[in-house]
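So, here come the structures, one by one.
Next come two complexes, and both contain chain A; in the first it sits with chain B, in the second with chain C.
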Partner chain A sequence: MSAVQEKLTGLLVSQLGVPAAKIEPGITYKDLALDSLALIELTMLINRELGGALDDDVLQGETTIADTVELIESQGVRA
Partner chain B sequence: MTLPSKGAVAITGVGLVTAAGLDARTSWERVCSGRSTAAPDPELAGLPVDFSCRVPGFDAGALLGPGNAWRLDRFTQLAIVAARQAVADAGLDPESWDGTRVGVIVGNSLGGTGTWEQQHRRFLEDAPKSVSPLMIPMGMSNMVAGHTAIDVKAFGPSMVTASACASGSNAIGLARDLLRSGTCDVVLAGGAEAALTPGTITGLTRMGGLSGRREDPGAASRPFDVARDGFVAAEGAGILVLERPEDARARGASVYADVIGFGSSTDAYHATAPDPSGAGMERALRAALADAGTGTDEVDHVNAHGTSTPLNDVTEGRVLRRVLGERPLVTSTKGVTGHALAAAGAIEAAFTALALRHGVVPPTANLTELDPEIDLDITTGTAAKAHLEVAVSTSLGFGGHNAALVFAAA
Partner chain C sequence: MSGRAAVLAGLGGWLPPTRITNDDLARQLDTTDEWITTRTGIRQRFVVPPGLSTSDVAIEAGARALASAGTDSVGLLVLATSTPDHPCPATAPEVAGRLGLGEIPAFDVAAVCTGFVYALATASSMIRAGIADSALVIGADTFSTILDPGDRTTRAIFGDGAGAMVLRAGSLWERGALLGFDLASDGSQADLITVPGGGSEYRSKGLAAPGDEFFTMQGRSVFRNAVTRMSESSRRLAKQLDWPLESIDRLVAHQANIRILTAVGNELGLPEEKLVVNLDRVGNTVAASIPLALADAVHTGSIAPGHRLLLCGFGGGLTWGAAALEFPEVSVEPLPGSPAPAESTYTK
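Right, the complex of A and B next:
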């Protein structure tokens, strides 16, 4: 697991109460039962805690954990 | 013996989350012990008033699920937990009830002050994009009713009553009317408040409402005592399940007590000071007694608003003496619980119902020397066993809101 994925998992578990066991690269936010407000909260957390610069509308229900890690890493963040 | 009026409603479930305990039984036992819950509050450290009556050991994540808890301000969390307790206590099941016939009326005054304060700090210190998208849905006061309705699948009317410290009592009065009118078959009614935040406590301190007894917080909430100097802010939630008595008895429900009368009035005198004549409170109390068909000489017990502020207690004491005489055993449970603002009326309605059920009047904590201006039979020291048939709970709020409820033993 990359450092970014580890940190993203940490945010999902500690801040949004997502069960750790459900988090794997291919799962979507819809499957994790995160609605649009939760995804903006997650975006804010990623930007604040990981130094990302994601726009509020980037994370969608169909976005996966792997997609998110790629997005964050594409911004040069290595956590 | 006072017969319940045809407009009575039955209390079939009680849920409490207070500084005195995480459920109704624990809260009641602590209140009957007469030991104050006021204590230094780490979240208020460094402020001129740094103590409160906080709900101890409330684990929202464990109780509501971690994926749910973070989306709710604390006042909503407290209410949902109290509502679940009340529904279970009533022997009702949200999975099987007709939710279209269930209403939720919850008193709240200050909304999600913790959320507002935290997010405003982020807004000022960081950037607009650091503000949570949940700020509004967490902070809005109505969300306590909306989320409780979601949790228990109640599809009938749901709303918040906002009349400061009379909110919880007014919620119960409004709920009674929804049952009386046939709009609902079951109503969850009560109040919730969680405003022990630095900004709110500072505001209450600046207006001179709070006790400043920092050296001895446990002695700070002392209703009717000559040395009282203000109230101790508390948090908590109280939710009652109310039904028409005939419905409750038809399904074999256990009834704590009946709400047999409700009266509500306004001082229209001053924003925060009570009308010293007590005329507004007297109107609410007399209206509630008339509504109940109860004589002023029939009240056995009063759970008074009794905030421990110099102004409230003397004004309220005079009205109670003037209207009810010297007969009732009076208590203020705020000596133990502190003042949970909009939740207070609901929490005290629950304690009044429990007093009727158990035939026990809890003592007024810290009342060691009665204010000579107050001439009432106030229970002090230890809880008093008594045969109780009719009881009254009073609530008065900033804004001049007055409410009184009359209860009868089941």
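Right, the complex of A and C next:
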């Protein structure tokens, strides 16, 4: 697991109450039952805690954990 | 700078009699109590019955604030609202007249959910400048009159109501003095929170589409802006006053959504018990939200004399801002139409 994925997992578990066991690369936010406001909360957390610069509408229900890690890493963040 | 200041002397609020629970909404719209509660923290809201409008709720709150201050006269009335009775004239002169306040200066301030902070800053400045010796500041809105009846999101969030403060001239060094303000706006994001139609632009350009008369809001961007702007503004004002954030006893933030309040608390490092919350029982009451939350917290004893308070708001415009004071001895009547504060899920 990359450092970014590890930190993302940490944010989902500690800040948004997602059960750690459910988090895997291919799962979508919809499957994790995160609604649109939870996704903006996550966007803000990623930008603040990991130094990302994600726009408000990047994370959607169909976005997976792997997609998110790729997006964050494509911005040069290595956590 | 002289030590003259505006000092809080009275506080009151009013909610209209028609209570709408989440289950009531679920009977009319595709929604459920659980959907609304988990997304917003709101369990019920109050709306005006047919025939009542913003001036009516403003007068009820204003009269209670005057009674709380033990006075029947003030030298100025500032009404924060974005649902005035008419596009023209302002609603404040009518409110002043019907309250029997005489021929005092009276005008509206429109800054949507930040309206009360803006109105408070305006009245406080006029008192400090010597233009008035006392003021009635009212935040009143009846958003139920501008919501799309078929929109499950906005109808779940917004409620009607009014809250008011009486200010008197005093000294910066006495308890209750308004100690400072932080105000800001960003017009480049005006379209995030808007009623598109009904104004001069639409009439002049001949624009009109069905539904333009209704309030709209872009949830995600509003959420992010609300959290960052209220946090920024609170932090700036605390710094200006040399108040360490941990010295703030209560944050009375605009009651928009429980998740916004929690996120602002996290940003500022304030524990949950320092966040004043009454939106579970009243919803988002726009310009009335801050004084209503304050009145509720004083009534329940969550806010006590000597507490350091930061009031902060965020709303359409975009606008945002904060105000600071140490809470004085002020008595507040329980809010009519509302159940006992002890029943609140979030009352601390």
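Please note the rule applied: the second predicted complex is superposed on the first by the 79 of 79 C-alpha atoms of A that agree within 3 Å, B and C clash if a C-alpha of one lies under 4 Å from a C-alpha of the other, contacts with A are read in each partner's own complex, and residues count from 1 in each chain.
The criterion applied here is as follows: contacts are C-beta pairs under 8 Å (C-beta built on N, C-alpha and C of every residue); 3 or more make two chains touch, one makes a residue touch a chain.
The structure displayed is predicted, hence computed values, not measured ones.
K.L.:
Which partner, once the models are overlaid, touches more of chain A's residues, chain C or chain B?
P.N.:
Of the two chains, more chain A residues are contacted by B.
K.L.:
Where does A:33 make contact in the superposed view: on chain B (first), on chain C (second), on both, or on neither?
P.N.:
In the superposition, A:33 touches chain B alone.
K.L.:
Could you look at A:6 and tell me whether it touches chain B, chain C, both or neither (first, second, both, neither)?
P.N.:
Neither partner.
K.L.:
Regarding the shared-chain residue A:57, is it in contact with chain B (first), chain C (second), both, or neither?
P.N.:
In the superposed model, A:57 contacts chain C only, not chain B.
K.L.:
Using the touch definition from the top, say if A:24 reaches chain B (first), chain C (second), both or neither.
P.N.:
Touch partners of A:24: none, neither chain B nor chain C.
K.L.:
In the superposed arrangement, does A:44 touch chain B (first), chain C (second), both or neither?
P.N.:
Once the two structures are laid over each other on A, A:44 reaches both partners.
K.L.:
With the touch criterion stated at the top, can you tell me which chain A residues are shared between the chain B interface and the chain C interface?
P.N.:
37, 40-41, 44, 56.
K.L.:
Quick one: in the complex, what on chain C touches chain A?
P.N.:
Within the complex, chain C contacts chain A at residues 39, 219-221, 223-224, 227-228, 257, 259, 263.
K.L.:
Looking at the complex, which residues from chain A come into contact with chain C?
P.N.:
35-37, 39-41, 43-44, 56-57
K.L.:
Taking the complex as given, what residues does chain A use to touch chain B?
P.N.:
Touching chain B: residues 15-19, 33, 37-38, 40-41, 44, 47-48, 56 of chain A.
K.L.:
Chain A touches which residues of chain B in the complex?
P.N.:
Within the complex, chain B contacts chain A at residues 61, 65-71, 126, 129-134, 137.
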